[in-house]
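One structure follows; several queries about it will come next.
Lettered A, B, C and D in written order, each chain numbered from 1.
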Amino acid sequence: MTDAAPIANPTGKSGRSKPPAARQRRTLFWAVPLLLLPLPLFLDQYKQYVANLILVYVPVAVGFNIVIGNLGLLAFSNVAFFGIGAYASGVLALKLGWPWWTTILPAGLMGALAGCTASVPALRGVRLFYLAIMTLAFGELLRWVYIRWVPVTGGSFGMSVPQPSVLGWTLSTEGQKFYVFLVLAVLAVVLTDRILRSRFGRAFMAIKDNELAAAAMGIPTDRYILLAFAWSGFVVGIGGSMYAALVGHVTPVAFDLTELILEFAVVMVGGLGSLVGSVVGAAVITAAPEFFRGLPGAQELLFGVLIVLVILFLPRGLASLLARLHPIFVDRHYRD
Amino acid sequence: MASLLEISDVSVRFGGLVAVDGVSLAVGAGEICALIGPNGAGKTTLFNAVSGNAAISSGRILLKGEPIHGLAPHQISAKGVRRTFQNGGLFAGLTALENVLVGLHAKVGSGFLGLLAGARASERAESSSTEQARALLDLMEVGHIADELASDLSGGQQRIVEIVRAIATEPPLLLLDEPAVGLAPHMREQLVRIIRRLAAEQGVGILLIEHAIELVMAVADRVVVLNYGRKVADAPPEQVRADKAVLEAYLGHA
Amino acid sequence: MATPDAILVARGVEAGYAKKQILFGLDFSVSRSEVVALLGANGSGKSTALNTVSGFVRPQAGSIRFEGAEIAGKAPHRIFRLGVVQVSQARDLFSEMSVEENLRLGAWVRGGEVARLLDGVYQSFPRLAERRRQMVRLMSGGEQQMVAIGRALMADPRILLLDEPSGGLAPSFVAEIAAIIKALKARGIAMLIIEQNIKLALSVADRFLILRDGRVSQQHDVKAGMREEEIVRRIYL
Amino acid sequence: MLAVLPQLLVSGVATGMLYALIALSLTVGYRATTVVNFGHGDMVMAGAYAALVLVGWGLPYAPALLLALAGLFLLGAATQRALLQPILAGPHLSLAMMALAIGYAMRGAARMEWGSEVVTLPRPYEQDAFMLGTVVLTMDELVIAGVVLALLAALVVIINLTPVGRLIQAVFQSQRGAALVGLDVHSFHGAMWGAGAALGAAGGILLGLLVPLTPDIGVYTLIRGFAAMTLGGFGSPIGAVVGGVVLGVMEKLLGFYVSTVFIDITAYLVTILVLLIWPSGLFGRRAAVRV
């Protein structure tokens, strides 16, 4: 009987851990990066590159997760934001000669603009698979723009991005990039955490759970869907800018459907709707392929199987495992 | 004096079906009006018309003398009409407290950029509304479950949290869609207490749909009976109970 | 409660959807050739009870025996094969097909003599015989209800589960449906009926059960002659 | 400029027939389960490679192709029953991801085997071309059109004249109704995904005539299948066929008269514009998607 628990007593559920206090979480978001500071001392150039790539995928996953995990819309426009950010940084640096660090914000803003565009179908009431297909087509359409707009993008061969610099300092080693990337990744996580814990984040999750009831609470759902897409585009766009700086070469191939599945995998394996999950997913999924270099296809096969297993047996991702270890990892887990 | 809510001659049609057929009723401030009738009588449709979830095909719906039909649900909500849902409209992935905070959404008022910059003002807005939400949950005797996820609450607790959420902004009008369905007796008593307090202490006008007649008898000042989309009775509870037309409505034809 | 010739016996059935339990220990039985009506207010669990018997809702606990065999938790198509056939509230007809096509599909799994069964249905429903080529979508609600009952009869059911057969029908059709159910009863088909229309329910049932909060709160013999007003009070008021 | 129009139309229709087949194969699975199979393109790819392998083993053409189709039927049915059915009641997100992941794994497996080589399916006929007035018609185009028409005719016959077809129609009209007459809906779902995969595989084998096989052809086909489905109206079999042909013709016309870019992007534009402006498409009714 559901109403068995008398109202005057707390429901005696001892197993459930309460969401941690905001201060505790903040500690987590600052302490982990601090612990990572000496990392470049222990890694060779290649391993450092992989570590940097993980940091690139942190904002990408965080941004993507907002739309599919927190807002709960099946939209695949994240690769479009990622590509726009990378190309924005690349074009500004290569064609206009801007130092890389000044292109980060514009890349984010371009991503946000793409986010607003990608939200149009959702605002017009398109949902479910229809929304997935439309946003997927949007991303692919952009990829053709990269391929065909040769004077600006360099076409299929892409463009070389000049060595990144920050405030006049050139980032010549992977280790130097690491520190800049770390700051950006931490900012993406901390700021997104602020949003998710505020009335905005609550509105996103309310919309996901019950759009009708959300509107009945006076939430202008359209405005919040637009906002979620814009912030998602902004954060992922910055990830794109970091990617351009890391790889030094931006090509259309990097933003195809395979990339979409990779990013989808990061979020699903890490944990839908969970910030901790976004970070963990980025680390696991980015590091894993490095074990399969020189074995074309093995990585795809393994990822495919891994995702299948996660959906069947760990639907809330690795974050739910961590949450069992310590309440500080307890996050907004995906529920259905 | 104009009533708080005035529904006059409202009809709602879906295709060829007339779900609500020329119904008029009024609810005053601090008044509790119950809407009863057999399945398919049009009760929920009438509710949806008031909250903006269904379009009316004729008639008028006035809140404090001002027309609200034709507005979007979130606009009607902003004007002070809050509702609960028949099948539980709580946000399952949020805690009880967060659900109430969503109810307070419009009042929190932190700006987006200020929030990103970590401005004191937005933190203050958050923490003061959090306190307010906790106080409300305490007031309604469910303070101890504030940090439980809504999906982990019992059916009764969910109902009460949903009501707390609806009244968080102190709306003048509250619509309750079958608040007692599936509730254990002791929870029903608590519900009755809360509904009466809202009307008496805060002057909230309440329109509720309910099948549990003992609850209707206990709280309602007036009972409106619908059958086949039409109003067949509008009277104090005891009178309705004895009304022949009401019994007929429930019996059906054969 | 369970008479020796009970064919359907439910004991302590608990069932529901996702996190919402609806049935809390439901007990009832239906005897051979008996018509039992399930009455109750909204949310009392009537439809869930029916759907649990037919396998569309999987019970979490309890036992449901049909002619001695445990059917709780079995897939709907397996329960159907035993002759437990449901007419759902939404009717769920094949709306782009003709009356006869719908009827024939009813016999598809249990595989009786289609011609004989068809004749039987057309005799019970002369109205359908006249319209055997008509597309179901274009028929009135009452006629569709006849198709739905006819389709169930094509499976030669051992027990028929009817979910609000008079729901949404005009008064003239309600009388007609009542006549049909009485005719089926005369043929000795056991039935479990959910019905909002209490007059209709009382006119066809041998026994009625009142559901409240997911269990049977009262059960009465129709012959005992409780006043209708009293029943309405016990259910709703 | 106008002189080439007939030629464009003919080759557009031929390519469009192929799209039609793929859209139809997607529709079969979708109609049965109301789940869009995002991994369907990879079933198409797998069909082509399966045929390649079997022919490579020296099997005669006809049995090799039939065996490939049968294999894909089993693969489609098995993945549906084992991996999708358990989560069918769950969120759309998981369903989409599951289908993508299955496809992704298949693509990986194909890449491990054939990743670096470009392979083509051998033809059992000469690569001739015919002149019809001024219009060139290649043997490949003829074969594609012929096979697709034959398959469509077979499907029309099966669906309209056989008991199985009646049952398929019944499920498409009301799943619950089919369950109420005793159908095992789960097995039926599996069988329909199998049928969709097999039809898609036929499309993949034909596609092998037009383009060299790579493990990535699935993506190419998936996008065009979606576009054709959207244009024709989601879930409508006739719509899928008509939408496919119209898309094929549009690609050729826009590609020639406007810009070659359109050969690549017509499918995307069609998907976006149709869903935004005209969501029901040519033959669709209100979208029947499980919520």
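Note that a contact is a pair of C-beta atoms (placed from the backbone, for glycine too) under 8 Å apart; a residue touches a chain by one contact, two chains touch by 3 or more.
As the structure is a prediction and not an experimental result, all values here were calculated from the model.
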Chain pair showing more contacts of the two, A-B and C-D: A-B
Chain whose mean Cα position lies farthest from chain D: B
CA centroid of chain A to CA centroid of chain B, Å: 39
Distance between the centres, which are taken as Cα means, of chain D and chain B, whole angstrom: 50
Interchain centroid distance [CA atoms averaged], chain C/chain D, Å: 42
For chain A paired with chain D, centre-to-centre distance based on mean C-alpha positions, whole Å: 32
Shared interface positions of chain B, touching two or more other chains: 151, 155, 182, 184
Shared-contact residues (touching 2 or more other chains) in chain C: 20
Chain A: positions in contact with at least two other chains: 1-2
Complex contact set, residues of chain A against chain B: 1-11, 13, 16, 18-19, 191, 194-195, 197-200, 202-203, 205-206, 208-210, 212-221, 227, 273, 332-335
Interfacial residue positions of chain C with respect to chain D in the complex: 56, 75-77, 80-81, 85-88, 90, 92-97, 101, 105-106, 108-110, 151-152, 155
In the complex, chain B residues that touch chain A: 51, 53, 72-74, 77-78, 82-83, 85, 89-95, 98, 101-103, 105-106, 108, 110, 112, 115-116, 118, 122, 126, 141-142, 144-145, 147-149, 151-157, 160, 165-166, 169, 182-184, 186-187, 190
Interface residues, chain A side, partner chain D - complex: 68, 72, 74, 120-121, 124, 126, 128-130, 132-134, 136-138, 140-141, 144, 148, 256-257, 261, 264-265, 268, 272, 295-305, 307-308, 311-312, 315, 336
Interfacial residue positions of chain B with respect to chain C in the complex: 38-40, 88, 151, 155, 178, 181-182, 184, 211-213, 241, 247, 250-254
